[in-house]
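Have a look at these structures, which come just after this line.
What follows is a pair of complexes built around chain A, which joins chain B in one and chain C in the other.
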Partner chain A sequence: MESVFQCFQRGYGNGDGYALSDTLSPIPPESQPDRLNNFFRSTNFANVKRDFKQALLRNSEVGMSEEEYNGWVEVYVAYWKAVGELLAADAAPKSNSKAAWTKTYDAWKELTSVLHRGYSNHGFPSWTLPCLYVAGKFLRIFAIKADEATPTSMSAVTSFGDDLNPDAEKNEKLEDAARQLNRIFNLCLSDREPNLALSRKWGIYYTTNLLLKTYFKLNQIGLSKNILNAIRAYKGDMPLLDKFPASQQVTYKYYIGVICFLEENYVEAENNLTEAWNKCHKDAIRNKELILTYLIPCHLLTTHTLPTLALLSPYPRLQKLFLPLSRCIKKGDLSGFDTALVAGEDEFVKRRIYLTLERGRDIALRNLLRKVFIAGGFEEPKEPGAASVRKTRIPVAEFGAAISIGSKETMDNDEVECLLANMIYKNLMKGYIARDRATVVLSKGGAFPGTGV
Partner chain B sequence: MNQWAPVSVVPPPPGTQDMYRYQPVSAEPAYHPVQARQTFNQTPAYTMVPQQPPPSLQLQPVQEPQKKKIDWPHSVRMYVQRSFDPANVLDDIPRSEMEAKLKETISRATDSQSLDSTDWDNLPLPQHMIRQERAHKAWQEESLKMQMASNGYINPAREQFITQKKRKSTEMGGGNAKENSPPWQRATNNRNGFEDRVTFPEKRQHLPDDSLKGTSKFQKNLEKRQRRFDGGYKSTYQAPNYASEPSSGPVVGTSQTLEKQYFRLTAPPIPSQVRPEAILRQTLDLLKKKWKKEGNYSYICDQFKSMRQDLTVQRIKNEFTVTVYEIHARIALEKGDLGEYNQCQTQLKALYAQNLGGKPFEFKAYRILYFIHTSNRTALNDVLADLTTAEKKEKAIKHALDVRSALALGNYHRFFRLYLDTPNMGAYLMDMFVVRERLAALANMCKAFKPDVPLRYVTEELGFESDGDAAQFIYDYQGQALLEEKEDGLRFLTGKAGQLFEAARAQAFRKVDIKGQI
Partner chain C sequence: MSSAPTTSASKAEKGTAEGTQKEVKPAAALEEDDEFEDFPVENWTKEETEVPDTSTHLWEESWDDDDTSEDFSAQLKEELKKVEASKKR
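For the complex of A and B:
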């Protein structure tokens, strides 16, 4: 007990929020692997409040108000109870741990609420916000643990809906955690402290990121909209994003980028992801990999560019993911592209990039048609010495033959025309189809925009 | 209320009970004579049921068997004790009637050897059972009338039904709620003793409006809103609620009526108003016949919703559940009721995940088509993630996946080939987005083809039935000037269309919102 409160005093005395938050961590520091155990054994249910009051009094000649002092006592009592549940859950047999983890979650939720009250009623200063971060972070983790643990019995009917909601039962605690995190979010957002330096608004992005992470896990990405709208509404009234720790900026930008990506707003997605990419710590390989997972498909659609080998070299996983497709796109190998897409489908779908990558086929087709165009060669020069001009009238059948390479059946002309029409419609190819003559008339200047011919 | 002489189990003739307004002319008992429900294969609920138990046993004290056989479980004894506990006595239930019910309950349990398996601690007391049955009876009669009325079987009743309904929705401020409420509900106002000392959450709702005078305006408004929300029906449904104790597990239904109007639950369900699976199976057969014969969608939809509700509250999850949802989904599809369809589809997804049978391929294919219609990319991605390799090869699913990929790649040629060859009822779904895809294809053609194409080509590429249909479609979007008669037939002047179809396409692709239901 003493060691925890000594840490508290040190953290509080130095005004170091992160050091202070360590005292509320459910993971013991490496130097004291038994801290949780010892802490829990140092008192009991009957005396915990009195003991902590005294301990905190002994260790707090740091001049906090009576009100705040009481708040912290409450916090540590709640923490002590949560630690008790946590130790029990850790010891519970795997096959029957649902109840224990649920209790841990509930106790931790109580700790979170007490902390919340600390800020709203007991005047906890905003520099101690990292305590709230720790609470929120582990609230999410314990919720997931409780949801994942094997249940022992079927629960009773708890809602009066006409149909069952299978997802709601599966993620019961995590959904609850999302609501709690939302409360924390609002606690930070709605602080009216006029001095921004002392405002809880500095907690906004940490809690937002935590919430977004939870929504993604719950597959309820639509809910993020509310959060982002709230942030937008308070924008003028908040510290600028680039004043926050870089890690928070990167995470935030990453999530915004992915949300835009999923909404097919590739331009915005690219902007946000690029920002995240630029600010990401150079050694955070995993994070960089995540960013690239979405940034690469973005680039494919917005700028029709593919990643270089050098860019992918530190990421074997991404190489496996993107290289086969990239090769086929470059070569204009349609059937190879289809094969690669099918081969990687499970992975792509899991990362939600399948539907985007699928559109890469357009680029592959463009490259193939471009080859046909180049293979067509040049017109007979009308007069010697004139600049050579490519043949711009190409029979549909020639394109059709190229498209059919590698696949076992020949595509009928109507379908070839349809694909060509698409290329023209999407501005990947310039020209028009003269259907009666079964010919494509391509533009003399830049038949394939952006590719040099 | 104690107009009944508690001398016999045979109920007094209906004439003695002024409260039975809905009483048919036939001499029916005022409540369900307590017949043993050991089989579900019983006579229709509205016919007379034989009386029991035999008179010789009638007036013997119920504790009697306890003395004869010493092996009554403790829980049963407690149950009997609770039944006679003065605190539990209900004034409008004569003691003799209660005793008979108690006796019947216990002997039924003994006969069916379920003495030990019955949860005596949570079983409603006999007096409560009786009360529920009375309520149930009234409910049945009313619902029968409503059914007949809504089916148009009897016109006068229908009119009555409609006016009644209308009155319900307009009477909110009026003081005649008492008049219109069903008889057994009015009885609740006369409750005394025990009832008055306990606050029941629903009780307030049964009070006529003038009793609210003491409450705040806010409270009154709240009440009013609540009632409005209930749509006038719910009070009928909910009233007997006070008698049922909220149980901790799924409900086991005891209702024997086939048809039941749908009400949205706002309180725990009452077993006597929930139909067990065997009855629901009969209901389904009935509904199938009715749907074929009458095709009254609003009636069918309502009935299916109440079936789904009964299945849900009883947590019945088996092949039958799947069938109910599947049939409802198909009917909703046919009628274009996407809201209802989507609810069924969501449930089906969960049910298929448990391998309960049914037609998962058919419905997974619909699901894909549905998400194409709603342009829900996130959901589409999830669907793809859920499909196994084997499923992707199934005809219907493969078709739906091909539709998806054809659209993703803008391959309208392939899309309309697939459209003309849709398995099962997928065409109902595809019809919903075929127009916008036609516009997209036309926008595409108008940019790519110059100077023109034969109208025949449009007809064939965009899956129209005839040139006439294709021309009509172009007309509908103000493209009449683009059609020109030439020596070899009608031509579609793609080169002159400009942005005409592009604009229409953009309009058609605006976010599809289908929260609204029919």
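For the complex of A and C:
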């Protein structure tokens, strides 16, 4: 017990919120693997409040108000109870793990509420906000643990009885955690403290990120909108994002990028993801991999560019994900593209990038048509020495033949024309179709915009 | 169309694979596989981000002109003949 409160005093004395928050961690520091055990055994249910009152009094800084002091005592009593449940859950046999983790979640939720009250009623200063971060972070983790733990055989039997909606309870605790996190979000956002330096608004992005993560896990991404609208409404009244710690900036930009991506707003998505990419810590390989998972399809659609081998080399998983498609796009290999898309379908769907990648087929087709154009060669020069000009009149049948390479079916000219008209409409190809002559007349100045021919 | 049965089959396979996996290690991982991870540190400087190396290109054009176009035009001619032959039939 003493060591926890000594850390509290040190953190509080230095005004170091993160050091202070370490005293509320459910994971013991490496140097003291037994801290949770010792802390829990240092007192008992009958005496915990009295003991902590004395310990905090001995340790606490002079100048902390009576009100705030009482608030912290409540916090550590709630923490002590939660630690008790956590130790029990860690030791619980598998048959009982669901109940044990549910209790841990409930106890941790109580700690979170007590902390929340600390800020709303007991005047906790805003520099101690990292305590709230730790509470929120593990609230989410314990909720997931409780939801994922297998129920005891007894409750499994009862749930078989009425399985009308087996998913309803699947995320019960995590949905509850989302509501608690939302309360924390509002606690931070609605702070009326006029001095921004002392405002709880500094907690906004950490809590927002936790919420977004939770909504993604729950597959309720639509709910993010409420949060983002609320942030937008307070924008003028809040510290700028780039004043926040880099980890919060990168996480926020990643989630905003993915949300834009899912709304098919690829330009915004690319901007946000690029920023996340540029600011990401260089050793955070997994996170960089996740950023690229969405940034690569964005690039394909916005600028029609592909990742180089140099970019992909540290990420074998991304190579597996994107290289087969990339190769087919480059070669203009349509049937290869289709095969690669089917082969990767499960993974693409899981990552929510299938529909976007499917649109890459246009680029593959553009490259194929471009090859037909280049293979057509040049016009006979009208006079010697004149600059050579590519043949710009190309029979529809030639494009049709190119499209049917590799696939067993041939396409009607009508169908081919339809594809070509689409390419022209999307500005991937410039020209017109002379239907009476079954010929495509391509633009002499840049038949395939942006590709050098 | 022909791909549909294979896809659903592979999905079913995956379902069972996931099921067995869950039994083997119940909720061992705290964080889900595709979740953005917490950074080990809260803040860092520009120096600790990837230094953009100007000599390596990260993005490249989507087409490939090195692909010998001789081969392609031969292939194209072959295909044209095939298409025409099939139409006459």
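One rule holds for everything that comes next: the second predicted complex is superposed on the first by the 433 of 453 C-alpha atoms of A that agree within 3 Å, B and C clash if a C-alpha of one lies under 4 Å from a C-alpha of the other, contacts with A are read in each partner's own complex, and residues count from 1 in each chain.
Assume a contact is a pair of C-beta atoms (placed from the backbone, for glycine too) under 8 Å apart; a residue touches a chain by one contact, two chains touch by 3 or more.
Since we're looking at a predicted model, the values are computed, not measured.
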Where does A:Lys173 make contact in the superposed view: on chain B (first), on chain C (second), on both, or on neither?
neither
A:Thr303 contacts which: chain B (first), chain C (second), both, neither?
second
Which superposed partner A:Lys98 touches (first chain B, second chain C, both, neither):
neither
Contacts of A:Lys350 with chain B and chain C, given as first, second, both or neither:
both
For A:Leu262, using the defined touch cut-off, is the partner it touches chain B, chain C, both, or neither? Pick first, second, both or neither.
first
Just chain B (first), just chain C (second), both, or neither: which does A:Ala421 touch?
first
Which partner reaches more residues of chain A (counting touched residues only), chain B or chain C
C
Which residues form the common part of the chain A surface touched by chain B and by chain C?
345-346, 350
Looking at the complex, which residues from chain A come into contact with chain B?
154, 156-157, 160-164, 166, 219, 221, 262, 264, 345-346, 349-350, 352, 354-355, 358-359, 361-362, 414-415, 417-422, 424-426, 432-435, 441
The chain C residues in contact with chain A across the complex are 3, 6-7, 10-11, 14, 26-27, 30-32, 34-39, 41-44, 48-52, 56-65, 67, 69, 72-73, 75-76, 79-80, 82-84, 86-87
Going by the contact rule set out above, which residues of chain A touch chain C in the complex?
18, 94, 97, 137, 141, 144-145, 148-150, 213, 216-217, 245-248, 250-251, 254-255, 278-282, 284, 286-288, 290, 299-300, 303-308, 310-311, 329-332, 342, 345-346, 350-351, 363, 366-367, 370-372, 374-375, 397-398, 400-402, 404-405, 410, 451
Residues of chain B touching chain A in their complex?
247-251, 264-269, 305, 308-309, 312-313, 315, 343, 346-347, 350, 353, 377-378, 380-382, 384-385, 405, 408-414, 443-445, 447-451, 453, 457, 460-461, 495
